[in-house]
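Here chain A shows up in two complexes: once beside chain B, once beside chain C.
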Partner chain A sequence: MAVTKTSSVPDMVVLSGELWQELLKLVTAQYKVIGPVRRGSEHVFAPVKDPRVLDMAYVTTILPPKKVFHQPFQVLFSFDAEEGTLAEAESGEEKVVWGIHPCDMHAIAILDKVYGVEYPDPYYLRNRENTIIVAKNCTEIGEDCFCLSMGTGPALRSGYDLLLTDLGGRYLVEVGTAKGRKLLSGLDVPPAPRVVLVEKEKRLSQARQRFRKRMVTQGIQELLEENFRHPIWEELMRECLACGSCTMVCPTCFCYNVVDKMDLDLKTGRRQREWDSCMLLEYAQVALGQNFRRDRDARIKQRIYHKLLYYEPQFGTLGCVGCGRCIGACVKRIDITDVVSRLAESVESER
Partner chain B sequence: MSTKPKVSVYKLSSCAGCQLEFLNLEPVLLDVVGAIEFSYFPMARRRYEPGPYDIGFVEGAVTCGEEIEKLKKARQECRVLVALGSCACYGGLPSIKNWTPERVIVSRVYENPALVHSIKAYGIDEYVQIDAYLKGCPINKEELVEFIKGTLLGTRPYLRPHSVCVECKLNEYECISIIRREPCMGPVTTAGCGALCPSRGKACDGCRGPANDANAESLARTFSEYGLHRSDIVRRFRKFAGLTQEFSRGADAV
Partner chain C sequence: MINPFKPEMAVITEVVKETSDTTTYTFRFKESETRETWGFEPGQFNMITVFGIGEAPISISSGPGDTGFFQHTVRHVGNVTNALAKKRPGDVVGIRGAYGTGWPLRLLYGRNLLIVAGGIGLAPLRPVIREVMRQRDRFKEVEVLYGARTPGDMLFVREFPDWSKHVNLRLAVDMVPPGVKWDHKVGVVTTLFSEMFSQPSNTVVLTCGPEIMMKFVVRGLLHMGFSPDRIYVSMERRMHCGVGKCGRCQIGPRFTCKDGPVFAYEELAALPEEVLGGVGR
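Moving on, here comes the complex of A and B:
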């Protein structure tokens, strides 16, 4: 994409205090903004009208920002069976998603391959095209985060329209695209001196020291292939509640179910899709009640093997971005990094 | 004579809260009445029309011999027979008594136990084959309407078979189990309520009975880690669906 300079907005600015507030005010006044806000003791991405509710210090959210593009419930079209007519669902207005972390940005890059390459999905692509992404590098690391080992954080290199880095009371704002530059066009600020990049790198390398979780990805394919039968799967089968939370909160899960919602006249209605999950028993059920993954351990393995083994041939990347949501959302604290390291340890001790 | 599908609503041992939900459909009730004929619905209509009926909804648990007779007659006169609410599905709240001797239960309430001839409380599929389960205490109105629409169209209505957690996540409700360490039944309970209790900040009570592949033993162990006494864990699993295989495993787990 050619970056055409609108007015004289520099590629890199530092905003603090009033200027930062002014940017937030300008953007929320001009666009529908979706950003991190508190919900109880957790956070969610939600529409933001008043920038004061934005909580830029959030560590993670219940659902990933994936939900803006691949929506939990999406109406595909409405229909009238008697008239034999269809009406496409209207596309939403242009919006800004504010403060997406690098792990979730990498997840969106994976979804772009899922929904944009072999079978382009018009609904996803439309949501993607009319959205401006303001990403934010991570300077605070959550207890379940392990993006560092997945190579997906805490710093972002590409894919954003604007990129924020918290320099402590002031934000470094880097322009990625013309769409991003447009957001800054109402501000009159000088370009930031190159030396702020040193400050940025300092904060990010401090963040890299603070990771408490890691996943060893070297040789992970062989490790999983060789341990399809391992006592750990039976143990997980006894523990796992099969509730589906891990997949519901995953930023790279893309499965959905399609349901027709009829009106009471039994003639008109809407076709709608909603998120589905391979952790749920009914997912692999086919005609006459046959089920390909009746056993819970088969479904647990499907989740972990898909993320860490089967994504690679499908999409050329691992399917896990290290956001840690599946760990945080599990009532039984089943931990994908722990499963992998225990497999590795057991192989090690056999040698 | 109306050509609309004829519907009957029966009541066994219950509080009538589930059949009340038909009347609580008020915003769409006229549309519903436009699509079906309530031919036998004592709570709502004084006039009864004789069977056969197209859809029969049975509310309540079976707790005495007369109810078995009534239920078998209902099965005979209805093309589609539906368990309406958790009492009809699993025995529901009345089934709490099932783990205490009948004579003790009866004498707790009645002065003269000789006049009472109740039996253990069962869901209706203990006695007759049924075609669908509408779970919940009470049932969910949207699910009821979905069911009616599907039946009229001859399609399988989408009744969520999975856990309440899925609906909590889809709606981004704060996790009451993880954040507050409260004994939430959501991970093993059938969704379809829209995660109603968690949406109001209350742990799921398990009123809709076991979800697909519910792992109640594992959840019982978690409740124990949360500091719940064994007897409280048993009560949690026996409140609405203690007779089901899944929840009885939860009650026996610790």
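Moving on, here comes the complex of A and C:
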């Protein structure tokens, strides 16, 4: 990645103990920081004022950091019912998202394509521009994680402003952009010697050996195309509750609904968008009660086919980054990797 | 940055009732700059806003040659479309567009044209008919088959005498209520195939209507030897953005709002039928 030097801050430093704490203090004092915080037995991305609440050892979060950019609720503009549009929604202040994992960064790169092309989405792009991204390579692997097989982790190669790698009690901090370098400017630290990269790669290669799940991606498009009417879809229909949790937690899902909310005076209001899910019945309903995806199997198929088959022609990449959230969020533990391997196995056994 | 979600204000200048549940509105943009720069292709749609109620995708039903104003023909079926029913001349709505693919007009020049429409599906085809009337000599034989539920459900009836001077118009209704005089066909629109003069050779087909109708139209025409690569269909899906962002309108890998609503039939034929009809088996 091309890096322009804005100061004497080195491209790569190693921080431990006090210096690491110092960095966290500086950043949280200067910026609105959103980072991984423990909530009960799980983690969430939440505003962090006191760096002590940051939990850098988190494995996954309930919602992906997508929510900072493509917000669950986004006011588009306010209006007067008679006069029309008034003000457009204001853009927020500059913020830092701390500790984004590689899978979630890859998902953001996909959303950049969804929202950045053709009719660029000003709300998403503004949130992107306003945000400094501090990513973190994964050295701990969760039980549902399969980014390795999707080529989206556990190491990140690009897209970050700063990149952290836990070297055990100390952090390797790599600068990706001038925006990232700015965060380090208050620290007086010498450049790290290049040999720390050996240590970094060793930790990442150890992490690669700890994956328990993988997606069979070879031939996956053909497999799905040829098995649109496979009995597995009916089995899944019987299991799936069509609650929409899998899409709500997915870092690459982009669908939204739009609603007009009136104020109490019934004269003015706001147009707002909200995350939506293809798993819900109303999603594909059209005039006079016709619905293009009434049956649940059609909706489960929409999700899985969209992720694994249709993103490719739409955005030039698979739509799943292997974060595993949909597996963890499913009451019935429907597992997208398992669906694909069962499909592959049953086709194999027919041969 | 241009905000694609922010509608332009447009004033309703005329309201004409087409049928008991459908109305044609004439609009004029408030801003003179928008009036001068805005344009569209036949087959494209606008997102119409009734502030406080919401937005709905509606095809443009006037011709591209109609300047200074544009029209929409709206069937009142739900929140936004029923709120529109209460609007009078002078009232203001929000408009953004024009979006989506249009009918392949250039392909039609020098060729025969067969239009098959059902119900409200005639609205997005009226711009083509108006274009044919404006530049009649650019097209060869033009035939329009139009089907509706009853004679009272037919749109644009007052224009039929004028249309008939330029194109061969054939009508069919599913049923005729007692006491109503009807000189045309009774039956679904495909029953008009047996009497139409359109031949497969050098003919481009444009069709819009309920999906089940289009399915039988395409099936019938293919059977008669019409070329699948010269059939175009206009699809309807739920839409919340019109610009490829909200995901609502997806058909397989395609976004109806930007890859459609007008699709080459062959593009859709490549997808599993369930993706199109959607209702599983």
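What we mean here is this: the second predicted complex is superposed on the first by the 343 of 351 C-alpha atoms of A that agree within 3 Å, B and C clash if a C-alpha of one lies under 4 Å from a C-alpha of the other, contacts with A are read in each partner's own complex, and residues count from 1 in each chain.
The criterion applied here is as follows: a residue touches a chain if its C-beta (ideal position, glycine included) is under 8 Å from a C-beta of that chain, and two chains touch if they have at least 3 such contacts.
The structure displayed is predicted, hence computed values, not measured ones.
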item	value
Partner chain in contact with A:Met262 - chain B first, chain C second, else both or neither	both
Partner chain(s) touched by A:Ser185 [first = chain B, second = chain C, both, neither]	neither
Which of chain B and chain C A:His306 touches, first, second, both or neither	second
Contacts of A:Phe73 with chain B and chain C, given as first, second, both or neither	first
Shared chain A contacts, counted only where both chain B and chain C touch the same residue	259-260, 262, 266
List of chain C residues in touch with chain A within their complex	1-7, 9, 51-55, 75, 77-78, 92, 94, 211, 236-238, 240-241, 243-248, 250, 252-253, 255, 258, 272, 274, 276-280
Chain A residues touching chain C - in the complex, by the definition given at the top	76-77, 79-85, 88, 114-115, 117-122, 125-126, 228-229, 254-260, 262, 266, 269, 271, 273, 276, 278, 283-288, 290-295, 297-298, 301-302, 305-306, 309-310, 312-314
Complex contacts: residues of chain A adjacent to chain B	39-42, 44, 62-63, 72-73, 238-245, 248-249, 259-260, 262, 264-266, 274-275, 277, 280-282, 296, 328-329, 331-332
Chain A-facing residues of chain B, complex	28, 31-32, 34-35, 145, 149, 152-153, 155, 158, 161-163, 165-166, 168-170, 172, 174-175, 177-179, 184, 186-188, 211-215, 217-219, 222
